[in-house]
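Take a look at the following structure, please.
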């Protein structure tokens, strides 16, 4: 039989002076953990939010990312003529051969240079990516050294503003427009004409091919056809599937969250333990009285476990709330983060994202701290002799 | 008086280990207590009166001998059976009240009832009745720190009798009270034994308090020297 | 008995509490010292003599853009350069692995010998490696990890290049910062790729540290306004470029350290305050015996400071011991070169511990000052 919950709640609150620091400490542990996880989640969700489920991306067999892939013009022609590819209103196959280039550019905040990804793209390729919309200026003209950059890139890199110039070695590219990729991986790209890009970067070959099968039924046939063609040595995959796998960059951040979270939670468990030991010590007579009234040892253990959990959950809620407020602040002021994507070898731009499941994880994390911290004190409370009710302090 | 005693104590001994010396607190005590009696245990410090009370109430265990309460041998009960037994059969009143500071008077009184199967409405009714009986019907929503010592001790008595136990056990209930409050508390205990036919056992060293009882037992060096 | 013994006896009375407190302080100091050391390592490149002697030149556009092979003739003529080799990252996956777990570079074997100064050939012979176009030179760590021996073949699937490699191990080196790499003939890579006439980067060694900046400027100037402008920098600066690409690392590390320290301070302060609050009854007794407020403060401070100092010694000492005795250079394959816990960083850790000791004495000190003797004797927590 459990004691009423209000008994636990009031006991936590009545000791607010001793519990305040512990609650704040647990809150901060949860915040650091959540904050790092939110950064990793930002990277993951950017990739998860990229691509059209109807598209297939074709890269060279053996290459893990578009930037390391090569597709020859012959291979491209073979792909274009494959049966089962959709055609647009003009009767042209919806296939886009693209080239992905890395250009080192200075950061706007003066923190050195970083790699940026420039995509040489075709009109078909833009049709295949309805996620991307022009928000300022105009699209590039074929045959011109013009680029359109994402608004997020424009904020991060010097020369990426409208009318600015991107330097690629001795070559100059003029920024004529800005697009919005709606939180997708395209927000980390700048686009220009594919043939012009091949000329500027002196590249014979393409990097990848994006295409759309005529109807969903032909998708698996098309993938199998491309995969099995030894002559092609290419690999086809759904565009969505390709991007959702590009999450290697988030892994070390998740590791860091795990390591720091663990190290810090040890400290938090000690704090919770101390608070609960103090609580047990101060309430020796009270515990004895409850035992005299007929409460069993088990209900005393439960009582202190609940109290430790309440204490920690209070901290957990505080941590979640702070993380959420940080997200609101970052969104309001349009703050984004960037890091080197290990697969594309270019800077990827992402947001701080605290999702409900992360918050739940944070609360569970705090609950664990609370229970781990209160187990020993609770057992100690249960071991107190009934006669301690008669001790006068 | 009924022939069957409500508490039958037979050759009860209790030996404490204090450092390297064995201290005999009780030495082969035998006594019968009948229903409706108000027994006052008296004696000097260390005479064993408190130990006897604790063993009867099931919060301490004897070294030897037996205590039968309504035919049940308390010594044979295990930890959790003993906890249930205390809840149903014993109401305890402490010297220092031992109310839970974060709970109101009514909630304190309700505590032992939470271990029973009574519904919320029935519990409320019993709590109101118990508080009424100790003259605190209007103080149910007060916290212990908002009440005087006498009032707190009356709340403690309400908590002791709310489960309608066979025994009410009080350990120096007036030790922390002024004369007026002490007499109020003792009057309540007395009426419990007279009117409600409860068996009350009380430890005290105040001779005035002893006058409220129906029977006095004097202990010295672990033995009953006067009945 | 005097007051210090009284303090000591009291601090040790609740051993469990004292231990928990000391561990809390130790963890926070250890973490802080580690994070500060990491930050120092990442932001202030400790230029070593050998690293400043080696220079890497890449395409100014980006590392991903190749350089024309014909640049070699120009570089060779630049004074101050002792050795130069084409240096192209192959980025292949070994056997059936799906990630590139160690680097492979295409080099000109004859020229590369002048750059492999620290590395000693421990098995096979360098001449054999030079003589066989399909052979490779392998680091001792990789040999050990995969249980390879001289004469074994290593197969790689290209991820950057559309070709695969099948190399025969003819020499093993040991003694460099990173003993994991595999080096093979650039000629082989050129043949497989149909002689594109390009290289990934140029890797060179200058005659002395004094001329290194001068040489860098000369290399950069030599290709200005050509189709392939280059960016030359010391090997260390080149590595730091990767760190810079990781984003604002310095800020992030600072932010995280700040949060970690703040958190652990809260936690530790709560623990220590509680340890002292437990003494309230004794403090009240002391007050009743006629001790002055000032003496009670000293009593509280002595205990919280004592706990903080022991915790700091354990934590900072532990971090120092760990990072000094672990061969991080090997563990992180040269990414973390020194990871030196400097006296300055240790002083920071100690300062934070001191602040913790001080701050955690405040709440109980204030309450002690306010409490009356009778209240203190009755206090429950």
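Labels for the chains are A, B and C, by order of writing; each one numbers its residues from 1.
The rule is short, and it goes like this: a contact is a pair of C-beta atoms (placed from the backbone, for glycine too) under 8 Å apart; a residue touches a chain by one contact, two chains touch by 3 or more.
If you're wondering where the values come from, they're calculated on a predicted model, not measured in any experiment.
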Required minimum of steps from chain A to chain B, each step between chains that touch: 1
Chain centroid nearest the full-protein CA centroid: A
Chain at maximum distance from chain B, centres defined as averaged CA atoms: C
Chain centre separation (chain A, chain B; CA means) in Å: 64
Averaged-CA centre spacing for the pair chain C and chain B, given as whole angstrom: 69
Separation of chain A from chain C, taking each centre as the mean of its C-alpha atoms, in whole Å: 25
In the complex with chain C, residue positions of chain A that touch it: 15, 17-18, 20-22, 24-26, 28-29, 31-32, 35-36, 60, 62-64, 67-68, 70, 101-104, 109, 111-115, 168-170, 201-202, 233, 260, 263-264, 266-268, 270-271, 273-275, 277-279, 281-283, 337-340, 345, 347, 393
Residues of chain A touching chain B in the complex: 1, 3-4, 6-7, 10-11, 14, 285-286, 288-298, 386-387, 389-390, 392
Residue ranges of chain C touching chain A (in the complex, touch as defined): 16-17, 20-21, 23-24, 27-28, 31, 59-65, 91, 93, 98, 157-160, 162, 164, 225-229, 231, 241-242, 244-248, 256, 259-260, 262-264, 266-271, 273-275, 277-278, 363, 378, 380-381
Contact footprint of chain A on chain B as seen in their complex: 50, 54, 57, 59-60, 79-80, 83-88, 92, 94-96, 98, 100-103, 107, 111-112, 114-115, 159, 171
